[in-house]
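Paired with chain B in one complex and with chain C in the other, chain A is shared by the two complexes that follow.
So, the complex of A and B:
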């Protein structure tokens, strides 16, 4: 029973991770830029939704509005910042995305302050009772919404003309240019889509926990996800996201209590702290040593 | 560097170190804050700017140096504690770097990110060595039987160590190992083709850079007298990378310029804003300015302050030269106007 309860929580957060990680992979595939600032967009999405409800919109409309706003922010970032840095060294591009993260954090801090904010109720209160385990609608909605959206996005990427252009631009930008695809515009689209996904992820995470600046560090949690899934595989991020969500939930729910009771019995160590936050990174360290391209990634696609 | 300039640089360093004792407490604090950050930034510059390995674990390495030196300092080691901090940093850096023997670029960056988080976690958990989140008190450094207590003394010490590190690293780049760093940075395949042992070279880069960073960490422990996990968080790593990029990679002066910028600009904004007494807005505007400056820098001057200063110096000397040539167009004036820029920018850097 407890196991199932933990697993559902893991699936819910894991699918949101997947949503965020897909955005990072999308940008990386399309332009070779690793967006360390994805967490900033996650946080902006949540705060934008909050701000829109304060302006009098219904929570559902505000969430949709926030996603649109984030799409615009993403496209603007690409146009104003990244497009000017096409020839800059990789380190500089990494750092500029970190700069964006710092900037977004500071903007939210200035407007909304450092304290936690109660996030408006988007989904109905209460819980569903499935075979004896209770799952709140928040969790159900987060899991269903992110899974459906991830799959829808994968379908879009696979089956639509726009998706085809995206894939062409990602695969070989010169060849894409040669057949008449406006690659820079495709990169803008990728940024817009990626930020929109991140914004939605932010809204969902805020409904699961609450609204605070710490949402911005979620972008760094997404990195274990993409390394595990393979930097170039969208499907991989989905699977790895779910996997890591479960791992975190089980570490938090089972492993930590077990370890702590063992340590308290045998040593003077009292607590193992927030173990669930580091377990993904330990896994990534091991993964990078054994199979750097990830579960689903392909070798030889890194930017040298 | 010519003999004459070496002597001039040494004299400037001695003067600066001596000058530290004439500073007030706040001035001395600023000097050692900048100098200590600059030492770590030199270490990062060696690794990233010269050997081409991006690292986000710098904060944790500073922490390892600080905890090692703090523990040994409390146990009565003197200058040995600082050295031991460096050694611990070097060893940790090599361990973190091991994946880099297989990984390149971005993957290595993510591996260092993972190392940063794991180490940060260990700082909180391994309480016998770190005293956990409440932090470890560090007794002041004992040097040659004397306790170093004043900010002025620490400023002098940090400046001297900065100069020694700088000179040492500059010397290192004139050895075979140093030169092979550059080849590995440019292209590992070419390096291998030239008969360079890439693994060995990378391990050297990790070791030296980690040592320097560890020494900086030891100084952090002795100046702040307290080592807490959040002092060595990802924030510090990001700050360090910011110093590197704002200053300029692959230029030693860039590390000092970057450290000065990253330490002093927030300090200046803090001072300027203290009058308004808006705590949230203050720290927010500090961060905002920091983020914005980094973005603007990277968009408009991806090669950093060092390159900017050099260009400025060149423009200035061109202006001077053109004025001089208008007055008397001697060949000597033309000859000096050709390469004066490096001299100008380096003098500014000291």
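So, the complex of A and C:
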């Protein structure tokens, strides 16, 4: 019973992580840049949706609007910032993405303040009853939406001409240029899609918890996901996202209580803190020792 | 068709790779662009295809035009859409994608009639049809060379630029590649420029011969005058 409840929570947050991580991998594949600012786009998405509801839009429309706004923000980031840094070392570009994260946080802090905000209800209130376990629609919707969208995106990437251009540009930019594919436009597209996915992820996370600046640190969870997934594999980030979500949920729901009750019985320690935030990194560390290329990564591939 | 006047090309702002070169390609021609290592053949072809800025290179002086239209400052993707295909050194293709996807990707810039062109490519290179679901990375050097030529055909070029297609191939494979080039030149009336160091077969096919050395044109003759001996002399000087 409890297990099912924990698993649902794990799947819901895990699939949102997957959505966010897929965006990071998409950009990495075609430009070699790891976007350390992804958490900033997650946070912006949630605040944008909130702001739109304050302007009078229905919560659902606001969520859709936020996704579109984030797509534009992503494309603009590429056009205004990254395109000007084509000749800069990749490390410098990554530092800039980190700078953007700090900038976005500052902007949101200035506009919305530091306090938690109750996020508008996007999905119907209530819960589904599965064999006596109640799972709120929020969780169901977050899981279904992110999973469906992740899979739809993977299919788009694999089966459409636009997806093929993305993959070609990611595989070999010189060859792509020579056959008439405008590689930097493909990079803009990757940024737009990635930010839109992050924005949606932000909206979903805010419906599961609440809206605050801490959403921007979600990027920290997305990194174990992509490293675990193998950095270049979209499918890998999907699987790793789910895995990590589950791991967090089970740490939080089973391991932590068990550990705490044990410690309380035998020592004077009362709490072990937020273990679920530590376990992902431990897992990644252990994983990388055994399989340096991640679950789905290929050994010895290099970016071109 | 292609006209380069007094072209000087540089890398990193200082390395002069090509210096005041005149290079003209008439419609329907098959031009041999010869020269030893470092002569500037690849650089010249890259300049035509607009690829130099992506290697810290630039056109420092002169003009390059295609059908009277200046190519200077154009993006390679736009140049490809005009009907110029460059088969680069190093058999540049998408090694992680399947052969079918490589060919498809090469047609996306000019998608009209892609199905017919795909049939044509498979007719030229039947093994590509059989292996079309395999990753391009699994092909041998010679097969890769065929694939990249096939990819160039998918863009329906009017001008095909081939950079050292024979490099690293066995003599029979070189013959096969040049058979294909000759066939394309005749059947599809594609104008062709082939950069090579020395290939006797190329001299037999060519309608015009340019010899570059250290960034300058040291010889421009009809193929009859460009025998091996003269070339050796030019290369060694």
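The rule is short, and it goes like this: the second predicted complex is superposed on the first by the 301 of 304 C-alpha atoms of A that agree within 3 Å, B and C clash if a C-alpha of one lies under 4 Å from a C-alpha of the other, contacts with A are read in each partner's own complex, and residues count from 1 in each chain.
We take it that a residue touches a chain if its C-beta (ideal position, glycine included) is under 8 Å from a C-beta of that chain, and two chains touch if they have at least 3 such contacts.
Everything numeric here is computed off the predicted structure, so don't read it as measured data.
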| A:118 contacts which: chain B (first), chain C (second), both, neither? | neither
| message | Looking at A:2 after the superposition, I want to know if it touches chain B, chain C, both of them or none. Which is it: first, second, both, neither? | response | neither
| said: Quick check on the superposed pair: does A:55 touch chain B, chain C, both, or neither? Answer first, second, both or neither. | reply: neither
| Of the partners chain B and chain C, which touch A:265 in the superposed model: first, second, both, neither? | neither
| message | Between chain C and chain B, which one touches more residues of chain A when both complexes sit on the common chain A? | response | B
| said: In the overlaid three-chain picture, which partner chain does A:81 touch, first (chain B) or second (chain C), both, or neither? | reply: first
| Where on chain A does chain C make contact in their complex? | 87, 161, 164-165, 167-168, 171-183, 301
| task | Could you please specify the touching residues of chain B with respect to chain A in the complex? | result | 48, 54, 98-99, 102-107, 109-111, 113-115, 117-118, 121, 124-125, 127, 234, 238, 241-242, 244-245, 249, 280-281, 283-288, 290-292, 294-295, 298-299, 302
| Once bound in the complex, which stretches of chain C touch chain A? | 49, 51, 54, 56, 75-77, 80-81, 85-88, 92-97, 101, 104-106, 108-111, 151-152, 154-155
| request: Would you tell me which residues of chain A are touching chain B in their complex? | output: 34, 81, 84-85, 88-96, 98-107, 109-110, 113-114, 220, 223-224, 227, 231, 269, 271-275, 277-278, 281-282, 284-285, 288-289, 292, 302-304
